[in-house]
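Two complexes, one shared chain (subunit A), two partners (subunit B, subunit C).
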Partner chain A sequence: MDHFARLGLPAALDIETAALDRAYFALQRQWHPDRFVAKPPEERARASVEAAALNDAYRTLKDPLSRAVYFAGIKGVELPGDGKTIDDPELLMEAMEAREELHEAASVDAVEALATKARDEARKAMAGLDGLFLANDKPAIRTALLRLRYLDKFAEEARARRMNIERSKA
Partner chain B sequence: MTLLEIHEPGETPLPHAGEGSLAVGIDLGTTNSVVAIAREGKPAALHDESGKALVPSVVAYPAVGGILVGEEARLLGACEPKNVVASIKRLMGRGADDVHAVAGVLPYEIEPGSGQTDMVKLRIGGKARSPVEISAEILKALRERAEEALEKPVERAVITVPAYFDDAARTATRDAARVAGLEVLRLVNEPTAAALAYGLDKGAEGLYAVYDLGGGTFDFSLLRLEKGVFQVLATGGDTALGGDDFDRAIAERLLAERKGDGLDDRIDETAVKAALALARHMKEQLSDREQTSGRLEIAGKPSFHALTRAEFDAMITSAIGRTIDIAGHVLADAGMTATEIHGVVLVGGSTRVPLVRTKVAEMVGKPPLTDIDPDEVVALGAALQAEALTGGGDTLLLDVTPLSLGLETMGGIVEKIVPRNTPIPVQLAQDFTTYQDGQSAMAIHVVQGEREMVADCRSLARFELLGIPPMTAGAARIRVTFAVDADGLLTVSAEERTTGVAQRVEVKPSYGLSHEDMADMLYDSMDNAEADMALRLLTEARVEARRSLLALDAALTKDGTLLSTEERAAIDAVRASLEAAIEGESRDEINAAAEALETLSKPFAERRMDRGIREALSGLSVGELENRVGE
Partner chain C sequence: MAYSEKLIDHYENPRNIGSLDKNAEDVGTGLVGAPACGDVMKLQIKVGPDGLIEDAKFKTFGCGSAIASSSLVTEWVKGKTVDEAETIKNTDIARHLALPPVKIHCSVLAEDAIKAAIADYRAKAKKEEPKEAAE
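Here is the complex of A and B:
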């Protein structure tokens, strides 16, 4: 059973967060181990497996990027494992230049400006995904997702950088 | 006259089992503990004869007489310090390796366990006792208090633990309960329990934060409350931070004032203790006054001191600022902003400090929730959960992992399998492969923490997957599965997927991570994220380069004859420069040398491939060849 089916939702790039939460809470009410405290061990074990699968599904579908990656997987677009080296030379160049800029950014404002730019880029790429899936353009989907994944990572690094600057001033 | 019942042989029920026994909630604290019960959704802390709910978490093993717990034990501390233990929670689940971390902090003789796998023991009252045994005494006392107050047997409990308690500490807490004759229905994180108390009592809905500032630790958690569902979104903390720091700041000022008056020749331990005691008193006074004063006497020389609220506030501003920063990071983890918070629940005695309340109110733009006693709120929440678990309620707690769980991979890099703030229970798997040709075993090293390198994380367990059949490097598929149950306890298993060779291990770490360590590790990771990333990339480049050297050497041994002397010499020269680069600190140099080697050895690889194909085809009939092509 895929994650969408597990939560009783149609497989789609866009899902309504409220509907996801509702489905998740309702199913956890049914399967959470807390509901099985007084039950026999077999039933407890079953509940634990169900609840774990629900959590995995919820966690994957809750975040728009991980949901997009998962949805792409269903559509036959495989991505290299998270954290692996970027294999697209253009993206690699973009990433290296951005990292350099981030490293040189000496003020919180400068870091914030870079982070805002990355966020805008991510928003644009995310908005463009729908069309790519409609056209079933697998190579373009793959490129876009790798780029989104990099932008997400960049936001995390910007946060760390910002903290370091704040710390060194404190 | 009531007739006595006689049961069928072998079916005698356990005494007190069944309906008559009650389930309570227990806040097993570092400084104080509280036991509470909930009935029909109304929780109440259980008091002693003098009306006190707080039981000091102190155990005494007096020279004469039985074991004492609580206020009596604390009083005995003055005359028999060697027979009295306090703050045992700090040692729960900690092992020999942690001993030096706490030595000097706690005034006990610590005996490392007999082996690496044992928890530390303390020499108290002339006998070695484990933190589990000592905590069990506190739990027994709480159980007795509950049975007296309720006039019914109590055999089941929900016990709260800090969100940052690791696997070992959680296991130790469960063990202590078992020793005390209590079945643990569930371990619940303290902030979650506090939110539960507010949510159910006040019918709260929306995004809530729990700001928990104790004596030595700070926790901040974000929860979403919705129609009886309590969903923890993110949690974080720091424990170099707490009310003890406030005491220290005041004490330093007191001693400095005495020094200014030339009263003390030197400051010894007794002087510091006396100054701290007065400091604590002044701090408490300033919770509802604008100024306070006190008298300090050291070595027969008295001194008089005054302190205003404004002066005190100035001393602690930066510490409180840090808690607000941490709250900001937890919010960022959850992708939320402070304005979205509907209410902040205050937990812990240190939240009585007015500046704490002011700063928290500033952060969220509304006054914090203080109408439930911050010392009791955690136990009340635990009691509500105990009632819910025994069939009396419809609440659902959805909690998360506080720290990331992962595996050591080549070069000492951590591969995170379960990221922090993942909802539990959860089961996540990842595939790994072998590094060398013919590798028959794989070392599985389970670690906990946020840093990129194993050396900076906490080691939880090690085991080996044996009996991997000989395969070329990278051909084996080893699936490692991490399962975290609803109590936050971890089980790790590994399986070679092509042959089904399996090993399973319950991660019952012999020693664990202290609350402090966890928070330190988490904040360390943020401080070091940049440097970590650089080191990770460098290490990855090294691992990759070593891998290609291994492959090249294997090829040279097998097919070296395919190369001319000059070609071989050229390859050896570039090989040497790659080895040198690996020893260096530059990732770019390693990558450049690796690329040069790859380019140079490309013709060699092609010739090997040709030979391989020729060998594979030689001696085969046409029919066999067709079969092969068809495969």
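Here is the complex of A and C:
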């Protein structure tokens, strides 16, 4: 059963987060270990497997990027996993230059400006995904998702950089 | 998690951080990335007229193990021929730095980076040849 089916939602790039939350909390109650305390061991074991799968599904679908990556997987677009390098010079050049700029940013304002730019880029790339899925353009979906991963990482690094700058001033 | 002294040393005192002119004919540049963790690594070699790697530089934005792996590789390749440098294996890097299993992929990244740098250098050298022959 895929994550969407587990939560009773149609498999799609965009989902209604309120519906996701509702489905999750209802199922979580259904499989809660407290309800299985007095049940035979097989049933208890099944409930704990279901609860774990449910949590995994919810975590994956809640975040828009991880949901997009998962949805792409269902559609047959595989992304390189751990320990795999990518050969996309353009993306790597962009990522390298962005990280260099961030490394050199000396003020909170400078970091914020870079973070805002990255957020805009991510929003644009996210908005473009729909059309790529409609066209079933797998290479373009793959490129866009890899780029989104790098932009996501950039946002994380920008937060860390900002904290560093603030701390050194305090 | 306990990291080895060698790893910490490379992380705290990385060797050969910097950049070489990527447009120079005797410089090979390898740019690789691990999308799963968002790391990006640049490794460059400068090959002398005698065919030996006379300089190597790196720039890595990633975790400590990725920085240490690329730092170690720049140190190892200096003074080697391109062919010798190509034989560096990620397992050698991982063993030398005693990388924990979850960080093995950082050494894979470093091996891919040196291979990419060598490929770039060779591609440039090949392009050079016919030009010289025509002159």
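Following the convention adopted for this analysis, the second predicted complex is superposed on the first by the 165 of 170 C-alpha atoms of A that agree within 3 Å, B and C clash if a C-alpha of one lies under 4 Å from a C-alpha of the other, contacts with A are read in each partner's own complex, and residues count from 1 in each chain.
What we mean here is this: a residue touches a chain if its C-beta (ideal position, glycine included) is under 8 Å from a C-beta of that chain, and two chains touch if they have at least 3 such contacts.
As the structure is a prediction and not an experimental result, all values here were calculated from the model.
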{"item": "Superposed partners subunit B and subunit C on subunit A - clash or fit", "value": "clash"}
{"item": "Touched partner set for A:Leu92, first subunit B, second subunit C, both or neither", "value": "second"}
{"item": "First, second, both or neither for A:Asp34, with subunit B first and subunit C second", "value": "first"}
{"item": "Partner chain in contact with A:Leu146 - subunit B first, subunit C second, else both or neither", "value": "second"}
{"item": "Contacts of A:Phe25 with subunit B and subunit C, given as first, second, both or neither", "value": "first"}
{"item": "Partner chain(s) touched by A:Arg161 [first = subunit B, second = subunit C, both, neither]", "value": "first"}
{"item": "Contacts of A:Asn55 with subunit B and subunit C, given as first, second, both or neither", "value": "first"}
{"item": "Stretch of subunit B penetrating subunit C in the combined three-chain arrangement, among 164-172, 542-550, 560-568 or 614-622", "value": "542-550"}
{"item": "On subunit A, the residue positions that both subunit B and subunit C contact, one per complex", "value": "83, 85, 103, 156-157"}
{"item": "Sites on subunit A touched by subunit C in the complex", "value": "79-89, 91-93, 95-96, 99-100, 103, 146, 149-150, 152-154, 156-157"}
{"item": "In the complex with subunit A, residue positions of subunit C that touch it", "value": "31-38, 40, 42, 59, 61, 104-105, 108-109, 112"}
{"item": "Complex contacts: residues of subunit B adjacent to subunit A", "value": "185-186, 226-227, 229, 231, 318, 325, 329, 332, 388-391, 396-398, 415, 422-428, 483, 485-486, 526-527, 529-530, 533, 540"}
{"item": "Subunit B contact footprint on subunit A (complex, rising order)", "value": "21, 25, 28-29, 32-35, 37-38, 48-49, 51-53, 55-56, 58-59, 83, 85, 103, 156-157, 159-161, 163-164, 166-167, 170"}
